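Down below are the structures I want you to see.
Here chain A shows up in two complexes: once beside chain B, once beside chain C.
And then the complex of A and B:
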């Protein structure tokens, strides 16, 4: 603590506190007191976090086979996986989201059996397209991460498992996958933050996440900066939570450090 | 010439440069995207070099300010930053102009885009270049100091050339990010490739012509970049011994 609070830093902290107080006093925050906007903000935060968690989980489940196919699969599996990864990583996420929502989303109504199916009420909404687009994006980026993680597991471990007569799938489940996951945990933490920062893109396809809420407040009240500042603070808080969560996760995983 | 309804135009003609084609719009958008990516990357590189040297060799206040800059920019989504900086940049500029007795100006969207994305790129490049400088063997810098080299000459002759190899992969990734981040400007209504694609496909309903075409264009940018980066990396590694894995 002593180390941290050097004289110049105390001065900078006081300066920052002064700026924050000035913002709180002289900017317009009265809209925050209205229950209508409070409900919208809670709803928006929930939507953002929900989409983040679901797409990370689904994306990781896709990324494991994609990474494994590239690391150890036969060529006819490795090539499609590689092409998928480079297309996802080579084109902007916004374009992918719009292509799914406006392109494929506009194709569905013209197919009769989809219109009549039980899934239609879900496919008419925007969130399935957002979830699919963001999950595919996670799968593309993490597939690449998982590929190097699978390759990085020491050969001796796999040879030992083989010489014990372990069936291939048990070896994958007990030896290969856990060690690969352990290696990528720090990377996944960083990637979750990156994923959080891509979630506002789904507001462009009419999903009311926290970014969209800020936009609505701005249009309603004609206040320019304040909702944006609140938005930045909200994202920073979520980022901090993710970082702390993954730090805790990493501390739970047994790891021998020299 | 009046065009037939878009559904009757063959795909290639829709993408072409004829009266009924949207080729010119797409190419214009692609040009905008590339210009903005190049400009933002260059601005980010200038900020990055300055920021990295400031973070490593600056005074305590400068170090703390730069740490705040890189942390804040990297914790907030680019889309939010673009909105904040977009309004702040044009708003502050106009306020300053009014205060000095000039009239308001409308800043060209390209310049705004470059400035905004450049500030974002700068934060990331600061970190990458800082890492690169840290990887330069300390003996090299000490030797340069011992020879009495002034800091500017030392940066130009010793630090920057030696850090290139270790900073290149990070900088290459950031270049690919820069090309993709230009798509975010579509949200504030700027006609780059993604927005041009959305416009073209919305007015013709030919979604499966324009979106794949735009994907191919973006892939061209990314594949060409990867190829060039490979060449540059090879050039930067000249004289280094190959490491066999």
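And then the complex of A and C:
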């Protein structure tokens, strides 16, 4: 305890406490007590978190083959993967979301068999477009990251495995992939935090995430700063969870680099 | 003492200089025809723009249209970035807590627009489980929340986006200003849709008509009210209205 309480830390803790107390006392927080806004905040947080988790998982599952195709695949696989990454990384995410939702999404209803299919009630909603756009974005950026990770695995190990007669897929599963993942874990943690900060864009296609909730509270109550402060705290807490989660992952992965 | 007098004189002259400054009139950047929209050459046109020119001429004010995003238009007014709001803003209790309003200068019914042949009616029963689009922070949004609780509401940043989604079949209905709805139905995209009629009136939510939004206690209010009266009395109001509508939009 004494170790921890160094003068500069005590000062910073007091400063933080003072800022929090000032915010709590002199700003207007009564809207937080309204059940209507509480429900909206919970719903918004949930929306942001599930979109983040689903798009990161789906995106990474796409990124592994895309990265592998670029690192070791034949030219007819490597080129499309490279083109895909260039397009995704070269255009704004907002544009991609709008192209999907207002572009392709508004073409669907004019095709009768889609409109009459069982999928239509889902396709007319906004979240499928958000999930697809954000997942493709993750796939594009992480595909590039995975490419370099696969390339970084020492070639000697692969050649040794080959000479021992290990089948190609076993080689991928036991040597190539684990080492690549281990290399990129810290990067993926950082990218997840960035992805969190991309999620507010989905509020532009009528999805009520936590960012949209803050906007609604501001427009309803005409309180300018307080909902923004709450928003900042919410994103900081989610970021802290992501960072801790990835630290735990990293500590679980045995360090095997030579 | 002398210094004090000097300061007072300076303050007075500053004050009168500020009076001569142009009045910045905040208008929603997104087009809202036939009330406010921008020409291809960048000039504002529409009923409300013509009306503003008439009012400013009458009250001898130098008015400058300042495009402002709708969702931040009230904070922009209270923060002093604009001096008044002229953007078909309905006078409501909720807004009056934050800003003042002039007298109303038009009042129109709220209508519901549906895709052709869907047969939906503007009632909660008919809209059960259906998706209804509205523009955020409008009286129509408040109305749908209060009167159609069984419908699923979708809020759009601009009214155009909600029309687009209605035309695309992604939503079942749009609740919006009646005049704007009939204007949209005349366009090519509007061919998809029809007017399902006006919603039942609720003055507590739908307000008492449209007025200029002003900062609390701004003396501009009396000037504008007098100008609205004068323009109504001398026939200018009717002359402008005839250019856009086949009937009087002032309401009761």
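In this section, the second predicted complex is superposed on the first by the 240 of 258 C-alpha atoms of A that agree within 3 Å, B and C clash if a C-alpha of one lies under 4 Å from a C-alpha of the other, contacts with A are read in each partner's own complex, and residues count from 1 in each chain.
Criterion: a contact is a pair of C-beta atoms (placed from the backbone, for glycine too) under 8 Å apart; a residue touches a chain by one contact, two chains touch by 3 or more.
What you see is a predicted model; the values in this text were computed from it and never measured.
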Chain B versus chain C as contact partner of A:156, first or second or both or neither: neither
First (chain B), second (chain C), both or neither touched by A:224: both
Chain B versus chain C as contact partner of A:201, first or second or both or neither: first
Touched partner set for A:254, first chain B, second chain C, both or neither: neither
Which of chain B and chain C A:239 touches, first, second, both or neither: first
Touching partner for A:102 - first (chain B), second (chain C), both, neither: both
Touch count on chain A, higher of chain B and chain C: B
Partner chain(s) touched by A:94 [first = chain B, second = chain C, both, neither]: first
Touching partner for A:112 - first (chain B), second (chain C), both, neither: neither
On chain A, positions contacted by chain B and by chain C: 102, 106, 204, 224
Chain C to chain A touching residues, read off their complex: 71, 74-75, 78, 94, 97-98, 131, 136-137, 154-157, 161, 164-165, 167-171
Complex contacts: residues of chain B adjacent to chain A: 60-61, 64-65, 72, 75-81, 83-84, 87-88, 91, 176, 180-184, 186-187, 194, 197-198, 201-202, 205, 207-208, 211-212, 214-215, 218-219, 221-223
Footprint of chain B on chain A - complex, ascending: 6, 8-9, 12, 86-87, 89-95, 98-99, 102-103, 106-107, 193, 196-201, 204, 211, 224-225, 228-229, 231-232, 235-236, 239-240
Partner chain C, residues of chain A touching it in the complex: 102, 105-106, 108-109, 115, 124-126, 204, 206, 215-216, 218-220, 222, 224
